[in-house]
Amino acid sequence: MAEVFGLYKQRASFIHGLHPLTKLAVSGFFLLAGLSLPGMWSTYLLVIFGLLPLAFLSRLLLELVSRTGRIVLPFMISVFLIQGILWSGGTPLIEVGPISFKQEGVQFAIASSGRILIVVGSFLWFALTTRPDQLMLALAERGLPSSLSYLIVSSIQIVPRFQARANTILDAQRSRGLEIAGSIFQRARAVLPLVAPLILSSLIDVEERALAIEVRGFNYPGPKTSYREIAQAAWEPMLQRFLLLAMAGTLILSIVLRLVS
Amino acid sequence: MISLQGVTYSYPGTSSPALRDLSLEIPRGQFCAVIGPNGAGKTTLAYILAGFIPHFYHGSLQGEVNVEGKNAATMPQRELLRLVGLILQNPFNQISGTKVTVQDEIAFGLENLGIPREEMVARVAAAMELVGVSELAERSPLGLSGGQMQRVAIASVLVMQPAILVLDEPTSQLDPVGSREVFQAVREMASSGQMTVIMIEHKVEWVAAFADRAIALVDGALLADGEPRHVLAIDTVWRAGVGQTRYTLAARRLQELGKWQDGKRLPVTLDEATLTFKAFQKRR
Amino acid sequence: MIVEKAPAKLLPIEIEVDSISFTYPSGIQALEDITIHVSSGERVALIGQNGAGKTTLVKHLNGLLKPVSGSVKVGSWDTHDHSVAQMATRVGYVFQNPDDQLFQRTVWDEMMFGPRNLRWSAERAASSVQASLEMVGLEHIKEMHPYDLTFSSRKLLALASVLAMDTQVVIIDEPTTGQDYRGVQQIGSILSELNKQGKTIIGVTHDIDFCAEQFERSILMAGGRVVLDGSTRQVLSQISVIDQAYVEAPQLMRLAEKLGWDFMPLTVEEFIHHLDG
């Protein structure tokens, strides 16, 4: 049942018991390292020796691989085809009739696919293993205003609901004869009937939601308490600090490497 | 205890009032249903009782609204919040969207009030028990059926221990099973003694079965007020477009045919109808 | 504005649902081996608890969902071979929540959306739209913004916008939610009027008293299967079966049972007739 609640998946793993900020720091490190380290293969090393073992420890290896794949594969395929074929100049690698794959294009495709892979993968790993309410609490403890953390967490959680709503609207308009396949012109014509009801009905919902959380004292003055405690092992703050340092280090290293090359 | 004295209210930018010269008193512990056609001012009444008018919606409010002996209009909003709870039609929009389990969801309001954790745990458990959602404690609030979700919404407001609970058509989005669950939970709460319940509702058969009192509103004015089975049998209430049970409609048809005993009150519930129509058959 | 009525040229269309099963991508089996035949001009209600599969079934009738096995035919068209937009010329579908479809700036434009999608001539579209607005009683507010209407009027507008497409089959999902007593009466008379025009009406409803009064045939669903299918009187009077499907019997039938009658009345008129008869 947890699946309807955003992406979070309940599993009995020690990763799930970690403090949300520890996991945030880990995925932040992957993200930064993946985007800043030079070299075609560095992101793949991070995935193989960092992200995949963590996913395995979180008992979510297959889940993470399939979810990431569904998002990243279409991008990878198109970037390989487009960059491989359309790279102007360059060294031909394979030639099929008039079409030739250029080495430089393929290298570019490998590098950019790796970046997408690490960005999507580390975000999904974080979302799959972190309870949104605990994240909100952890952020509040670090001084983030509760209205801001409410906004962030509730909007992440609302995504599946929003998708379901969008599908219903799509169905309702197709039932009124709206053609959504076909020429670009036809597709463009289909945007307004789909987007407008989504926005208008969401606006109605927003007012009701505001009233409903108001009734529950959301803007009540004075300090809030929390129903749950977040457990944090003694070594976790140290790890978090270490990861922050590592992020800074990676950033400096990548700048230096770029300057010398 | 709620009392309204000569309350007239118009929404901003409108000339005709949504409520006209309304005066009534609702004692503590009563389950009071508000009935009437769409546009009669039922939701406006709910918002006035919950303090959304005049605290959120402006417009012109005349007359006096007293909640537990204090003037609602001048009472600080945070005080009103602890006195009155409000439940809306759509259960989904009342779920905070930030909690993973039902019990965390119910605790949301208490966290905002800054209630200590031990007290919270006890109150959450008690609220779940009262509306019958204890077995759902570890489920995701967004993965429930409509009736379950609405009961969680009720528990989430109930846990804040308001003296008054206002429900605005809480069963309109639910199937008959979900609706019955909500009616039963609300009845229990009122019967438990400490809470006054005001429920806006179209399902008149259940209003007659569960509520202590019915207030019929038409065009923003009070048309009838009393025991549901009396109010629902009144001719002017029927002509104003308030729903009727088929039992009452059948008796009205007999009346039109001139076969009804003059002066006898029309049946509203199944039990009344059974007695009435059995007697009618015997006479023939 | 004076407009000519579009000529009525509806062809009779039969609906054949032949042993269909459907499983959602999440793995939940929503329909299991359902076979239904609906003749042209019938008024059929689908009843049952939430999650019984009613909406999943009607989504098969205009091709929004395609059966995993079995087939659905509307007239000669198999839904596998036609797009939803094509099916929309034969089957109109009014969704439960009007806010899932309303998007135009005026009531009139909203009404014209369907006929324009069907590429009707301007005159034909306008006359059909005018007639449908009159049928639901919204002809005086053509220039209003749909979102300035009350919920119950938006619901009528959504219904009218589908009726304007003049399909032989009309599917209507929970027409009475959010309507007050008079609103429910009005929806009832619109359905009767449509039926007089020879249209097939398929309704999904929780309002069992409304079902008894408005539909000649009822299909009771539970757990993705058809439990009972027959005349509304036959189906609803099996009180113990429909109790098991968590549906309440209509008020007048419960009363007739208490009075010890064999006759199960559907309407107040029938009840009075039997009582006084």
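A, B and C are the chain letters, set down in written order, and residue numbers restart from 1 in every chain.
Note that in this section contacts are C-beta pairs under 8 Å (C-beta built on N, C-alpha and C of every residue); 3 or more make two chains touch, one makes a residue touch a chain.
All values derive from a computational prediction rather than experimental measurement.
Taken as a graph of touching chains, this assembly is fully connected, with contact between every pair of chains.
For the pairs A-C and A-B, the larger set of C-beta contacts lies at A-B. Note: the chain lying farthest from chain B is A, by mean C-alpha position. Put simply, the C-alpha centre of chain B and that of chain C have 30 angstrom between them.
The centroid of the Cα atoms in chain A and the matching centroid in chain C are 41 Å apart.
In terms of their C-alpha centroids, the spacing between chain A and chain B amounts to 43 Å.
Shown for chain C are the residues in touch with two or more other chains, of which there are none. On the side of chain B, the complex with chain A involves touching residues 50, 52, 56, 78, 81-82, 85-86, 88, 90, 92-94, 96-100, 103-104, 107-117, 120-121, 124, 139-143, 153, 156-157, 160. If you check the complex, the residues on chain A that touch chain C are 165, 168-169, 171-179, 181, 192-193, 196-197, 200-201, 204. Considering their complex, residues 59, 62, 64, 83-85, 88-89, 91-93, 95, 97, 99-103, 113-114, 117-118, 147, 161-162, 165 of chain C touch chain A. Listed in rising order, the residues of chain C touching chain B in the complex are 49-51, 150-152, 177-183, 206, 208-209, 246-248, 250-252, 254-255, 258-259, 268-269, 271-272, 275-276. Residue ranges on chain B touching chain C, taken from their complex, read 36-39, 145-146, 172-173, 175-178, 202, 205, 241-247, 249-250, 253-254, 257, 259, 270, 273-274, 277-278, 280-281, 284.
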